[in-house]
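What follows are several structures.
Next come two complexes, and both contain subunit A; in the first it sits with subunit B, in the second with subunit C.
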Partner chain A sequence: MIEIVETGPLNTVQDMGRPGYRNIGVTACGAMDPLALEIGNILLGNPEGAAVIEVQTFPFRLLFTKRGAFAVTGADCRAKLDGVALAPWWAGEAEPGQVLELFPPLRDARAYVSLSGGVDVAPVMGSRSTSLRGSFGGLGGRVLAVGDSIATGAVQPAAVPKGGFGAVPPAVALKDVFPVGENGELVIRALPAGEHDLFGADAERFWSQPWKISARSDRTGYRLSGDPIHPVEVVEMRSHGVVPGVIQVPPAGEPIVQMSDANTAGGYPKIAGIIEADLWRMGQARIGSTLRFVPATHAEAKGIEKALATYVDDIRQTARLVGKALAAMA
Partner chain B sequence: MSLLQKASFPSPASIVPNAEGLAKISFIGTRAFLLEAPGPFDLPNQRRIWALSRALEAHEQVAEIVPGMTNLLVILKETPDDPDTVIHQLQEKWQRAQGIDLAGRHIEIAVTYGGEHATDLPALCELSGLSDREVVRIHHEGTYRVFALGSAPGFGYLHGLDPRIHMPRKTVPSLKMARGCVTIGGMQTGVAVLTGPNGWNSIGFAEVQMFDPLAAAPAVMAPGDTVRFRPERIEL
Partner chain C sequence: MSRRDRATSASAIGDFSDPALISTLTAWLGASGASELEISTKDGRALKIVLNPGASPVDVREAAPDVTAPRPEGRVLKAPLAGVFRDRHPGAPNVSSLAGEGTSLEPGAVAGFVEIGPILLPVIAREAAVVAKVHARAGELIGYGDPILTMEHAQ
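Here is the complex of A and B:
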């Protein structure tokens, strides 16, 4: 059980999302960085996809009203427990009365606080994710507020070791798989989408020029700024289903990347779609930062997915061993 | 890269390849494939999309299918090793899809045409060269079919809009259009289910609740339903 002591706007309860209802117009929502959510839960021995707190505005402070294990993953937000600094991607145990603090990260955008047993709110349509647009899911369909009490699941998995333990962040462990551009820009791989060729020469510029993430970006989508691109002919599209990562180009010519809270359907011409294995990095991209798109194939995407799965499996194995050792000592 | 049929795709059992009947299939990221029916935006085409949805629903590789307006988004459980095989299979299933009709419900929606919410009625009159009364009459005399749900929870895309009152989506969306606005987006019409940014054109307002997340069937409308708009008030 925890209580929110300080929070900015737009911090919410999220899990792996609510897929399966796009055919009735319901957005999947879910963590913007699902990898951070997954690792946080693994460190705690939580069920896969247990709900966590997604923090995207800082500082954020919570009070433990009961003893319980927690993990902080995602952006390095210089977390402290009762003033004592914690390493990034770290799991520890808190005593009643202790305060966990998260400060503005110097890089990346979103941090995830996982709690032993998972955030216990009533699932709506199979998920605990908050749908802000639909005003349902999570904590009453709204953002977290000071004074909110949040229950955790009754089943408390194995304790974490004294002093805590952590995972090597994916940006370090997988730096060859997720390279950074020459000028430090984010490199995002994507597959050409349905209207790619309609953009003629501008399509090449889409891939070659850098794009900046504008201030009008949030969990719904990122608006990119750069030299506008235009299709050679204007088409009035029939509305169709979309998924996060689709890159649409509205008439003004500056692309929009749809993210976790995006509409389930769209009608703007789409130039490309980000490979799923790069979406967690997109979820960590900051307003004002620069990115470049690189064309990829399904085979390349598959390779990156495999590297990610190996990384996650390694952490899962280690966490299991730690859990077993602790149980043996108890 | 257009994924419009590759030359290697075997033509149907006929001497002349029936290129016209092939669907356009493209990628949205790694797991999602968008199949777009060739030909007009009409009920026979949508019936084939409904048939294709049925045929794919139980497929073991398929995680989710999202019918759109004469198109279908197929989301697989895993990134395929060979996307060409998927394209080939989808194309084959499309070729075999015979139209089915969905026995839908009849839904009547009471509308206040004109008034404070009809922010785009003057622009539609200008575009169409019709008077506001004519626009309203043409809209409420139509019989519409729910082709698909999407965009926002429970929002039904309605087919059957008279071409005289087609109106392109806005280049700059309205920032805060109210839930209940009766709108036109290109050749489609519908009733806004959420208050928020909206690129469609509003000509009226309806007091309706189209979605309840806690209900066993959260959406009121379903593909195949027939919708009529009853002019409860006309404020011009």
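Here is the complex of A and C:
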């Protein structure tokens, strides 16, 4: 059980999302960085996909009203428990009365607070994710506010060793799989989509130029700024289904990347789709930062997905074994 | 280099007869998919573990008498498990070492990490003290119970 002591706007309860209802216009939602959510839950021994708190505005403070294990993953927000600094991607145990603080990260955008047993709110259509547009899911379908009490599910038996433990961050462990550009810009792999060839020579510029994430970006989508690109001829398109990662080009020529709260349908031409294994990095991209799109093949996308799955499995196995070994020595 | 000499002696992989160590190694062996593991040291000590479901799973032999490492003065922080010693978090390579010689540590402060595959275990200072000597080198494989730091009470 925890209580929110301080929060900025737009912090919500999220899980792996609400798939399967796009046909009736229900946005999937879910964590912008699903990798951080997954690893936080693994460190705590939580059920896969347990709900967590997504923090995208800081500072954020919560009070433990009961003893419980927690993990802070995603952006390194220089977290402190009762003033004692915690390493990034870290799990620990809090005593009643202790306060966990998250500060503005210097890199990346979103931090995730996982709690032993998971955030216990009523699932709606199979998910505890907050749908802000629909005003349902999460805590009353709204953003978290000071004074909110959040219940947790059945606490997992001591998964976190005394003194805490952590995971080697994916940006370190998988630095060869997720390269960073020469000027520190984000490199995002994407597959050419349906209307790619409609852009003729401008399609080339889509891939070659850097794009800046504009201030008009949120969980629904990122609007990119750069040299506009236009199709060689204007085509009328019927609305069609849209999923997170789809990159659309509206008439003004600056692309929109659909994110976790993506519209379920849209009519803009699609130039590319971000590979699923790069979506978590996109979810951590900051407003004002620069990114570059690199064309990928399905085989490359599969390879990156596999490397990611191996890393996650390795954490799951090793966390369990380390826990066992420490228990054996205690 | 006295550090090297000590590392190849008794404390390199901890005490081979320690059931906790054997249990850890056996668990890791099982997880790795291999069925047999053999460790030997220059002084002739050896440990062999063979995974054989249904049979007696562990075969230990201790060939040489225990060689006691020289005990450093002061309080020693030891490795909580075998792994790679990190003197700072791997996600923050540009910060300085968490506990260089002369650093004052508060109780509960993290003095370093032991990296076991993708998992990091903290090396924690139990009481307020000053780092007198750093024994483990960053990036070095250390054994369970190996001394990492010697701490002295602040004057």
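Simple rule for what comes next: the second predicted complex is superposed on the first by the 320 of 330 C-alpha atoms of A that agree within 3 Å, B and C clash if a C-alpha of one lies under 4 Å from a C-alpha of the other, contacts with A are read in each partner's own complex, and residues count from 1 in each chain.
Throughout what follows, a contact is a pair of C-beta atoms (placed from the backbone, for glycine too) under 8 Å apart; a residue touches a chain by one contact, two chains touch by 3 or more.
It should be emphasised that the depicted structure is a prediction, and the values quoted were computed from it without experimental measurement.
Aligning the two structures on subunit A places subunit B and subunit C next to each other without any clash.
Counted by residues of subunit A touched, the larger count belongs to B, out of subunit B and subunit C. Here the apex is the CA centre of subunit A, and the angle it makes with the centres of subunit B and subunit C after alignment on chain A is 150°, in steps of 10.
In the superposition on chain A, A:322 makes contact with subunit C only, not with subunit B. By the document's definition of touching, of the two partners only subunit B reaches A:196; subunit C does not. By the touch criterion stated above, A:287 is placed in contact with neither subunit B nor subunit C. After overlaying the two complexes on the shared chain, residue contacts for A:263 are found with subunit B alone; subunit C is out of touch. Residue contacts after overlaying the shared chain place A:24 against subunit B, while subunit C stays out of touching range.
Of the two partner chains placed by the overlay, only subunit B lies in contact with A:305; subunit C stays clear of it.
Once chain A of one complex is fitted onto chain A of the other, the partner contacts of A:63 are absent, as it touches neither subunit B nor subunit C.
Of the two partner chains, neither subunit B nor subunit C is touched by A:99.
By the document's definition of touching, of the two partners only subunit C reaches A:87; subunit B does not.
Put simply, the nearest alpha carbons of subunit B and subunit C end up 25 Å apart when the two models share chain A.
In the superposition on chain A, no residue of subunit A contacts both subunit B and subunit C. On the side of subunit A, the complex with subunit C involves touching residues 76, 84-85, 87-89, 161, 163-169, 171-173, 311, 314-315, 317-319, 321-322, 324-326, 328-329. Residues 19-27, 124-125, 131, 133-134, 136-137, 190-194, 196-197, 236, 238-243, 245-246, 250-252, 263-267, 270, 273-277, 298-299, 301-302, 305 of subunit A touch subunit B in their complex. Of all residues in subunit B, those touching subunit A in their complex are 1-3, 24, 26-32, 34, 36, 41, 63-73, 75, 79-83, 148-155, 157, 168-169, 171, 185-188, 193-194, 196, 211, 213-214, 218-219. Residue ranges of subunit C in contact with subunit A, taken from their complex: 19-20, 23-24, 27-28, 31, 80-81, 89-92, 108-110, 113, 115-122, 124, 144.
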